[in-house]
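What follows is a group of structures, each given as structure tokens.
Next, two complexes with subunit A in common: one pairs it with subunit B, the other with subunit C.
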Partner chain A sequence: MSIAERPVEDKMSKPGSDWRGRLLDRAPFLVACLMLALIVGIYGSLQSGVFSLDELNLDTAAAMTLMLAATGQTIVLLRGGIDLSIGGMISLGTVIAATRFTDDPATVALWVLVILGLGLVIGALNGLLISLLKLQPFLVTLATWSILNGAAMMILPTDGGSVPGWWVGFASAQLLGLTSPVWMLLALLVFWAWFRATRVGIAIQATGSNEKSAFLSGVSITRVNVVTYGLSGLFAAGAALYLTTQTGAGSPTIGKDYILPSVAAAVIGGVSLFGGRGHLAGTLIGAFVLTLIGNLVFVMHVSSYWQPVASGVILLLSVLASSVAEKAARGRVQ
Partner chain B sequence: MSAFLARNRLIVLAYAGMVVLLLVTALFSPGFLSVSNMRSTVVLAAFVGIVALGQTLVIIGGGIDLSVPWVLNSAAIVMALLCGGQDMPLLWVMPLLLAGGGLIGLVNGIGVAHFGVPPIIMTLATNVILQGLILVLTGGSPTPSAPALIQFLSVGRIAGFPVIALIWIALTAAATLLLSKAAFGRHLYALGTSATVAEFSGVPTARTTILTYVISGLTAAFAGMLLTGYSGQAYLGMGDAYLFTSIAAVAIGGASILGGSGHYLGTVAGAMVLTILTGLLPALNLSSGALLVVYGAVILITVSIGSETFAGLGTRMRRG
Partner chain C sequence: MDLVTVTGLSKRYGGIVALSDATFSARAGEVHALLGENGAGKSTFIQILSGAVQHDAGAIMVDGRDYRPANPDGAQARGIAAVFQELSLIPDLTVEQNIWFRREPLTPLRTVRRAELRRRTLALLEKYDFPPLRPDQELRRLTLAERQIVEIAKGLAKEPRILILDEATSALPAREAEWLLKLTRQLAAEGRLVIFISHRMAEVRAIADRLTIFRNGRTVAAHEAGAVSDEEIVTQMIGRHLDRLYPERVATATDRIALKVTGLSSGSRLSGVDFALREGEVLGVGGLQGHGQRELFQALFGATRASGRLELWGKPASIGNPRQALTGRDGIALVPEDRRGQGLLLTKSVRENLTLSVIGRFSRRGFLSRQKEAELVREMVGFLRIKADTPEQAAGTLSGGNQQKVIFGKMLLTEARVLLLYDPTRGVDVGTKGEIFQLMRDLAAKGYAILFHSSDMPELVHVADRVLVMRNGRVAATLEGERISEAEILRAAMLQREAA
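Moving on, here comes the complex of A and B:
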């Protein structure tokens, strides 16, 4: 079932029946919304004060690193690839920040630009390697993950370093009752609304649905890969910078904790691993789901070790739901 | 012979790389080629090699197994808990845990083959679920020491040969037979090359897929028990390094991550290369960070050599 066939099918089917097709198309996203509502509902019934701005501020602050990493990963998944190197980039970003930042805002601004630039350039290199050498994204980014992680360990062998106090205060800065992470969340959604309709955004999604027909329509696959992985690196660098506001230090190993969760958040949110299908809003909901499971386990007074079990089960359930929906959608077209 | 070389160019290259690496290492640290040092290198490579056996089959079939770390770790922890340092329980604990590893593989395989779950997601989910369950089970506390019998299997020697090296040789022979002589091998390459074509040619694709994951579960669980013997006890996180090394060994050994090509003989060379590199870096006075950089560079170089671009270049050069 290609996207191009859908409108024809909708025109041919009886009027009034196309809402079912549209519903099936969005089923994975709706399942994610339902899951989040359920988790928030249970959480809210066990804990008082869940439905407040404070809670929103706290949870968004906790989820923002994953959200930034998963935003980059979502772009890569829409292209039909995967980026494992973000783990290395996040580690590298935190150790550079923790060893180079001083109290002087000008120095910090300089290094922020260096870290973001590094993420963009290294990501673009990933894309270039994948295109020019016709290599698999999984292997290329596995290799660059190892290289970046190694570089991070050479800069700072163990957790440590520090960032200035005013930098750590960033996440609790408020405007109109909302903290900066909540504003970042809104900014991500605005970015997405703009980006997915840009020429390059459309090209990325088209290449993810069908590389050959995208190429035949005049899309430069090399350029798409460079932009896709470049953005992923940039968002990973952003995640690293945000993470230092939470931890106040650098860690050469912390990045690996975000590689697979970033994929999981996107998949829970209904982004297809086969490219071309998905929406950043789903990914952000997926990131909230994964973060709130931690809170839920905490208020239920069970061992926190149940958290990975719960997130694994949720991941499986949501991927099964989307595969069932996809099968049903395919059955309708046939 | 030349036909063999042409067909298995990448495997031959992996072995050539291994020999060059051995010689270079010997140059920098003269004691490296000594019997005792080679013995310990082979023992360390065997753990990577055994985990990578299942990974090789899964990757040839076009999948990937990310559940390796915690299948390995679970087998190690549960073995130590059930045996309590005694030898006798091993007689039933070992078969039980091999079956357990196979069962996890079965779940992975059924999810991938029958429910159409992408392998990355399926095996990632079983990995985190196992991790959580083991953490709940142990409460994060250390486990009793390894039974003497399992220590014999991983560090003992028979007539000067490390027992684990003999086990590895036997497994290599079995895997080679399976891939080169058995119907399963033919089915597996057909499946990895094109699942659709294989399905229409009458290959039992679902059964073949499931079997690769079952074998991967078995080898990971087996490696976990042996590794417990090697380190003297089981600990949390002992499997983490094997996710990267098992995939890297397969890639360096010349298999395509897209499936349909590669052989376990190549993976054996890949496991050796990774382990020799670990030995080379202290000789050069390099840190563990530098080791990761070198690992990444080696993977990039080897997969580049195997890529279409370079293969095309080679063909053009031979013609021209």
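Moving on, here comes the complex of A and C:
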């Protein structure tokens, strides 16, 4: 049923600040911060040396693949879509790198550009398909995920291949005591601060918030989709490249491990699945939460199968928190 | 010279003609009102002017040059801005972000200059003496009235030479509505053209220099505002209609109350509806679109949460959800507005659609009695004159009118005797329309109680025994006998001053 019909409501709100509303808006993010603090606290009480720069370096290195993938996913979610194809893109990226990289930095640089370009183009194609065929993002990206997966299998049927040693060393390179993944993390935050303040960033958020209004305001929905999914593909390709520094090899199946966690990280961090709301800072905290759960399960000496169980519980709690906040906020408005 | 001249403007949506051969002309420095019933073509007209949709035929000249915007940006480039009735605002952006959306001042890094954005916003709000708004507040925290004001600010921020206001006052409280009317005059005095759509005759009277009247997708007249009376305007809005379509209205209502509704309220759109529907009566529900008619039907059918008291055949009833509402002889059955989406399973056969809700009646210990089912289906297909090759034909392959008959059949088989018909003739061809009206009268004669909404006013006038006119979520008037006319319905819906 159309919701476009207008209510007969003609009130003006009372003047005054709205700090409670603002606080409620940020509730999901604050809950995520609280969760991270809690997990770090438990982790720190069970294990020595948790509150150190080394631990930060280590954990960021472990979380960075997910963080990169989830950055792209956050942009897509902000648009009100979802991108499952990043799983295929990550697999494809690692197998291309593991089969094409040589010791020659120039060759590596060339293939890095090829992989990033591929991510951008395939992502843009996702966006184009969604717009032109007017299909659900879920279905389109599910299809491209499958296609990319197949392509990865053709290039490298089983885990293997290799990347040069100096490439693997990238993740442990240090500057001012911080390893490159930590610098990447900071770069992601800077990128986000910039991106969200650009017209394109605002248009993507606006389209996710209300597509029809955005269109009536003159936004080209096709362009928004192409840019959104293009960026998601680009970040997935970046995640693939980073992943090879961790594994030193390629895998045609590894990408699927990042599809749902990338969504989960964003949701835990307070990004709305319905578009229009959320920030990368939340997503990155969500990625930390998901990564540290693994550490926690390890130091608690319980079966590693508890990790997905714990992740699921945390996801549920986050969704619950944001839904409660949403209801409270709505209750106040009416 | 005229600033805007429109000739032969036409627009179809599929088979529906929304605008046909419309003409229009307006000068700079005037307030030009557009008048017409719902669906008369006003909305399509301004959507074309504002670049939201493109016309099929005809020509628009702005400043003596051809004008055919491909999108809202194209309209803006020619100095035309629309304040839409369906707001073009983004819930998750702030007031200032919304006002300047896509035209934000930028830094060398291509990011938004926030201080400049704030400065421009405050300057704009001050220049036109806007009611108080907080620039940094997110839009979804605002009331509808405030959003409407932001939408107006967004239109004015473009400094348009032609500003289109589509029922902009209807969401505003009295004081803000006054402000807007004054602003409208001020804009015209500055030499701009304001195209003004309102259903409130008093407002049109207060500010319009000229007016153009739309009916059935055509422009029927244009007047200097001073040279025409209210009565003439209403007559021209209604026009003359053919009466052959409608069956003879025989009074079949008894004194028995089938459905009694007291204080029915739901959200902000339905605020205290009272009425009684009698056995054998066709009770029409009219008024301007969006004044609670849809919500009334939804609430009665239990599809939305509502408060108030219901009595069915003299017994108190709580109607929680559609399934509950459907059960039994004392129940309520609904013909929904979107039959493809809500009423009909298009890929299923006519037979399956008819018997879906009552499948239990043909089964014994879990087995279906095919024979009994077939018998009833045959009966119903015959009674309703559903034109299908066999009862096994897929419902989706029938014509619109026959699909509607299948829904009627489905509803009749539930044995509910209170029927809610929400726009049952929408998209139905004229011949079948007549059959549906006849069917309604026949059912009334058999003792069914029918609540009937139509977006087409003549249908209410010619088919209903009484008409409830809704305004602002309430029953503003109940028309009976001689008083049922389009003019009376419009008058009750429009002319009375609304309480602030």
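By definition in this document, the second predicted complex is superposed on the first by the 317 of 334 C-alpha atoms of A that agree within 3 Å, B and C clash if a C-alpha of one lies under 4 Å from a C-alpha of the other, contacts with A are read in each partner's own complex, and residues count from 1 in each chain.
FYI, a residue touches a chain if its C-beta (ideal position, glycine included) is under 8 Å from a C-beta of that chain, and two chains touch if they have at least 3 such contacts.
All figures in this text were calculated on a predicted structure; none of them were measured in a lab.
By the touch criterion defined above, A:210 reaches subunit C but does not reach subunit B. Within the superposed three-chain model, A:164 lies out of touch with both subunit B and subunit C [touch as defined at top]. Applying the stated contact rule after C-alpha superposition, one finds that A:198 touches subunit C and leaves subunit B untouched.
After overlaying the two complexes on the shared chain, residue contacts for A:218 are found with subunit C alone; subunit B is out of touch.
Residue contacts after overlaying the shared chain place A:44 against neither subunit B nor subunit C. By the touch criterion stated above, A:134 is placed in contact with subunit B alone, subunit C being left untouched.
Look at A:154: by the touch rule set out above, it reaches subunit B but stays clear of subunit C. Using the contact criterion defined above for the overlaid structures, shared-chain residue A:263 touches subunit B, although it does not reach subunit C. No residue of subunit A touches both subunit B in one complex and subunit C in the other.
For subunit C in complex with subunit A, the touching residues are 52, 71-73, 76, 84-93, 97, 101-102, 104, 106, 109-112, 131-132, 137-138, 140-146, 170-173, 176, 267-269, 289-292, 294, 298, 337-338, 342, 472-473. Across the complex, subunit B meets subunit A through its residues 64, 66, 111, 115-118, 120-122, 124-129, 131-133, 135-136, 139-140, 244, 247-248, 251, 256-258, 287-297, 299-300, 303-304, 307-310.
Note for the complex: subunit A touches subunit B at residues 82, 129, 132-136, 138-140, 142-154, 157, 252, 260, 263-264, 267, 273-274, 303, 305-313, 315-316, 319-320, 323, 327.
For subunit A in complex with subunit C, the residues that touch the partner chain are 1, 4-13, 15, 18, 21, 25, 194, 197-199, 202-203, 205-206, 208-210, 212-214, 216-220, 276-277, 333-334.
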